[in-house]
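After this come two complexes, each holding chain A, first together with chain B and then together with chain C.
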Partner chain A sequence: MADRYPGYDVMAKRWTESWNETTRQVIDRRLAVAHEPRFFSAAEWRTLNAVCDRIMPQPRDRPPVPLPAYVDQKMADGLLDGYRYAELPPQGEAWQRGLAALDAAALEAHGAVFHALAAEQQDGLLRSMQEGSLTGAAWRGMPCKLFFEHRVIPDITHAYYAHPVAWNEIGFGGPASPRGYVRMGLDRRDPWEAVEAAPDEQVDARRKTDHVG
Partner chain B sequence: MSADPFAAPRAANGRAPDVFKRGGWVPMREYGENEAVDFVVVGTGAGGAPLIAGLAEGGFSVVGFDAGPYFRPLEDFASDEREQEKLYWTDERIVDGANPITMGGKNSGKAVGGSTVHFAMVSLRFRPEWFRSRSSLGYGADWPLDWREMWDYYAKAEQALSIAGPVSYPWGPKRPRYPYRAHEMNGAAELLARGAEAMGLKWTPTPLATVSAPHGKSPPCVYRGFCRFGCSTNAKQSQLVTFIPRALRAGAEIRDLAMVGRIETGSDGRVRGVHYHREGGWRFQKARNVVVAGYAIETPRLLLASATDKYPDGLANSSGLVGRNLMTQSNQAVFGTMAQEVRWYKGPPSLSLTEHWNYDDRKDFAGGYCWMAQGPLPVEWVSVQTSARGLWGQALRDEMEKYNHQVGLKMVGEMLPDERNRVTLANETDRYGLRVARVTYSWGDNDKALIQHALGQMQTSLEAVGAKDIFRQEDDTNHLAGTARMGDDPATSVVSADCRSWDIPNLWVCDGSIFPTTGGVNPSLTITSIAMRTADRIRTLAARGEL
Partner chain C sequence: MTRDSTALTASAPAFLGLAALALTLRAAGGTRAVQPRLPVRAQAIDPGAAVRAARRMNRAAGLIAASVLADSAVEHYRGSFHNKAMVAPLVTAALSLAVSAHGNADKRPVAHWVRDSVYVTAALTGLVGTCFHIFNIGKKPGGFSWQNLFYSAPIGAPAALVLSGAVGFLAERVRDTTPGMAPTIAGVSAGRAVAAATSLGLLGTVAEAGLLHFRGAYHDPFMYLPVTIPPVTAALIGNAAIGRAHHRRPLTRFGLRLTALLGFAGAGFHALGVARNMGGWRNWRQNLLNGPPIPAPPSFTGLALAGLAALGLMEDHPDG
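The block that comes next holds the complex of A and B.
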């Protein structure tokens, strides 16, 4: 599929008035996340990678945003949400139990662990988790639906949309301090905002995007 | 860059951070722990900060405690959703009930300035009838405050926070001009206005606590759109840049990274001071009066955790109501897709609104609501798409790509007080060894009816402006209130109209906890107005020798 914002790169604004020093440091740290797990075991890591690939599939023509690494970082650093459903264990334990239970469900349904399954089989199991229909001793009483809604989905998708690559895809302006914005109304675009392309206007949009900054 | 604001307290050694200057300092008076100060105030947000300033300006010795850090926005705030989660209270809390409340960014803050550091700046007055909703509208509970007196304090709060608002406000009794002109509207706000006009409803630019022209050291708002993640330019008139600097100038001390864990009471039953955790250890500050201003979760948590043999059910709790009648506000929304580019990330998120005064009271549910234009940033937006629609995988990616064409309307609705909705102490403990709060919440039939009414109205409005693929977000809430309600009767309330506990005369509560009902608009301006009134009342009581 054609890019909606061809050639747009939030990172190109890094040295403009839209980024202050604090923001540059924060984004640099985010992009430098360690790709090896500190929290998850090797087996959990394989399962987590496979789950991330299905929850947030990524184009093959660029390096993927390392979503499992961000989930691992959140668990290893103990970055909490500020609330926890009474039926869920603490976040790290929830992930460990949930990944093991997902493998157990995969073995029972298809005779192989989750990461070894075909994408359709993986999606089927994730859908069952979302619907609350996965049961079994490995869950140890943790409702799979709550685990899906309050751990799997937010931990993976929030990490993705906190990444500059995702901002490029959706045409978000990204960091905006101190410059902010001037043209506020409908169909108005500041020169430092992404240029949207209709499907047949890729070249024109890309030419305009060369001037974004 | 200065040192990490989380690593060690900044307000110490006779100085506090100058919030208007990178690496800057301002002088700060300090009080000894063994010298009983006139007032300890626990919490420095919308309730605590105006009270700290008001008391210090009245000549009292005051120490304000906050569990969070003391930020300098210019150097500490990134233009980034994820990083700025550092402004929230993210310590563990257990949620249960039929409709567990999502805690975190939408109803908590952990910083000097409290949640006003990241609030959406919406500064609205309660409708006069809401102060007597039981006797005049037939639901909830009456407040012990008169709306006419509140009208005066609202005006004072609007001046103190340099609110930018419309020349004339469409609803309610006359009010003075807002101190600053209204902000320019963005595309999302314009669509609310068009929809309202198509329905025959009045609308207005939203009165906001961010300046539209320079004020002191605050520059005008530059429409970054990151308001709910901390304002990195200081245009936002949070407590951190308004009442806290005033408090310091008047001789108050602020202690950051100072978690109060227990209020000590003496054999005479009166409060003696607070035990607090700072720099790795527990310490004790003597005080003649203690004001709890930790908001609707931390306030009851502290009162309950301070139980003694004399007060086995916690402090100020002879009514049994501490922790009860917790209220949140319904925050459902309707979203759709426009042909035009809306780019709702620009500017404050809620630049226009339409209020409850549009509706008469002859409807089949109690309570009021308003709705506002929306501008979620990407992480917030994916949270809506996943929770409201259950999307993931390629379907989620495809929907997220429509980001710049989305439009939405979100309500702030009144939920009714119910004693079963409450804060209790769980058996789990936090990093300080304190029992964490358990927050139990279920919507009532009236709450559900109000939500459905609002969703229908908002959907009609979006349809009127040509939005397509409309969907509803049915499950969101924001803001908190209740858990230490004020009233006229010690049997049915925790504090008096002066925010003074009925049981212990030198113990006070001054934050959203004291709300008997929560109203159908954002609560912060009401909290601040009551705090300003409480400071005046304490000065009056002291002058009469009644403290």
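The block that comes next holds the complex of A and C.
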């Protein structure tokens, strides 16, 4: 697939007027996230890794965005959304219960824990969870469909798009602080924003993107 | 590189302010010389008076053109020159500025066809631009709502180009006076005509500043100045346009000078406003566009200069 924003690297903004010391510190902290769990147990961590790999598969030609680490950080630091479905327990407990229930479902269906299954088997279980058809004592009354829609998907995808690698893919400029946006209309671009390119415009876009700061 | 261009951008308004100051002082110096002749009746006509007034008006037209040139350059760059016609005010304002400089240097008592055609073109461009901006607001969802009036291309900005062209065109008519005759425009005393034009122009500019300063919630008390001083001045010079001849008007002259001062003080305040945006002048690529428009307020100075020229004309050539 042709690069949508050829030559664009949001990290090149680091020392321009687009970012200041606070911005740099925030991004640095985000990139320095520990790749070891602080909240989840070893078994939960393995299952979470496998779930992240299926929900947000990543290209092999670059280091992956550490999705499980961000989910773990959110639980360990208690970074809450500000709202919660009444049928779901608090976020950390929901994840622990959901991951354990997923392993239980995997053992029941395929005789092995979730992370040991083939990708197709994992997808089948996740699809059942999405459809709400996973039941079992391990869920302890938590609706698996709600858990999938309001815990699994948001926590993993939000983690992905909080990372500069994802910003490069979608041409996002990162934190709009201190420099924000001036040209608000549709299909308008500020000179410091990434240049989007059709497949036949790659060279031109790459040249223009050199001026993005 | 960035720092160089920042310094360059910062010095542009300073230069504009200095130029305006110089023009104001020269205008002030000029009027002092004619005051002792006030009680004298119209028969003693100074043949150089019309040209002097015309050159003052050239300077006024040039200053308004400079304001339009810088303002439209910044704002239309912000609009990415989305429509090709968006270069039109840059070209016509630059030409108007150039012929105004030419007129200021020219001491001959005859109109010049190049100046005349440029001024007319500038005024027409401003008129078309005003219609275009109005049309653009109308076709937005919500039509002529406050939201669209606040955030669309401003109606008053192209109107300033009309004023530059109009003041310049009137300057040519004043200059074209037969030596020994009192200058008239369409049968009316030229001083009264220019005074009336100035008064209307000031009121229009006040409306524009009022709308945008209201949008800015008058967050700084100085934002009230352009909606208080110029309207009073507009009333004074408007009164002069229809009032008695042979009448000293020190208050009107003071109001015009204060308005002229306000014009470039406004540019200074707007520069401060840019500094107060996040990232300040270091983030000039955003804040120059996002912050208050630095080149806009000197339009007041240009109009005040036209008003001072009108006052001079009325004192040199009292009718009746």
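Here are some notes:
Please note the rule applied: the second predicted complex is superposed on the first by the 207 of 213 C-alpha atoms of A that agree within 3 Å, B and C clash if a C-alpha of one lies under 4 Å from a C-alpha of the other, contacts with A are read in each partner's own complex, and residues count from 1 in each chain.
Note that in this section a contact is a pair of C-beta atoms (placed from the backbone, for glycine too) under 8 Å apart; a residue touches a chain by one contact, two chains touch by 3 or more.
All figures in this text were calculated on a predicted structure; none of them were measured in a lab.
With chain A as the common reference for superposition, the partners chain B and chain C occupy clashing space. Applying the stated contact rule after C-alpha superposition, one finds that A:191 touches chain C and leaves chain B untouched.
Of the two partner chains placed by superposition, only chain B is touched by A:154; chain C is not. Once chain A of one complex is fitted onto chain A of the other, the partner contacts of A:118 are absent, as it touches neither chain B nor chain C. In the superposed model, A:34 makes contact with neither chain B nor chain C.
In the superposition on chain A, contact is made by A:20 with both chain B and chain C.
In the superposition on chain A, A:43 makes contact with neither chain B nor chain C. Of the two partner chains placed around the shared chain by superposition, chain B and chain C are both touched by A:178.
A simple residue count on chain A separates chain B from chain C, and the partner touching more is B. In the superposed model, A:203 makes contact with neither chain B nor chain C.
Of the two partner chains placed around the shared chain by superposition, chain B is the only one that A:85 touches, whereas chain C remains out of contact.
The superposed model built on chain A shows that, among 76-84, 112-120 or 148-156, the segment of chain C colliding with chain B is 148-156. In the three-chain superposition model, chain A touches both chain B and chain C at residues 20, 177-180, 182, 188-189.
Those residues of chain C whose C-beta lies close enough to touch chain A in the complex are 2, 78-80, 82, 278-279, 282-283, 285-286, 289-290. Put simply, chain B touches chain A in their complex at residues 1, 75-83, 85, 88-96, 100-105, 108, 184-187, 190-191, 221-226, 232-233, 338, 340-343, 345-347, 377-379, 381-383, 386-387, 390, 392-394, 396-397, 400-401, 403-404, 438-439. Residues of chain A touching chain C in their complex: 17, 20, 177-180, 182-183, 188-192. Across the interface of their complex, chain B is touched by residues 4, 18-23, 25-27, 30, 54-57, 79-87, 90, 123, 126, 130, 149, 153-154, 157-158, 160-162, 166-167, 169-182, 184-189, 193-194, 196 of chain A.
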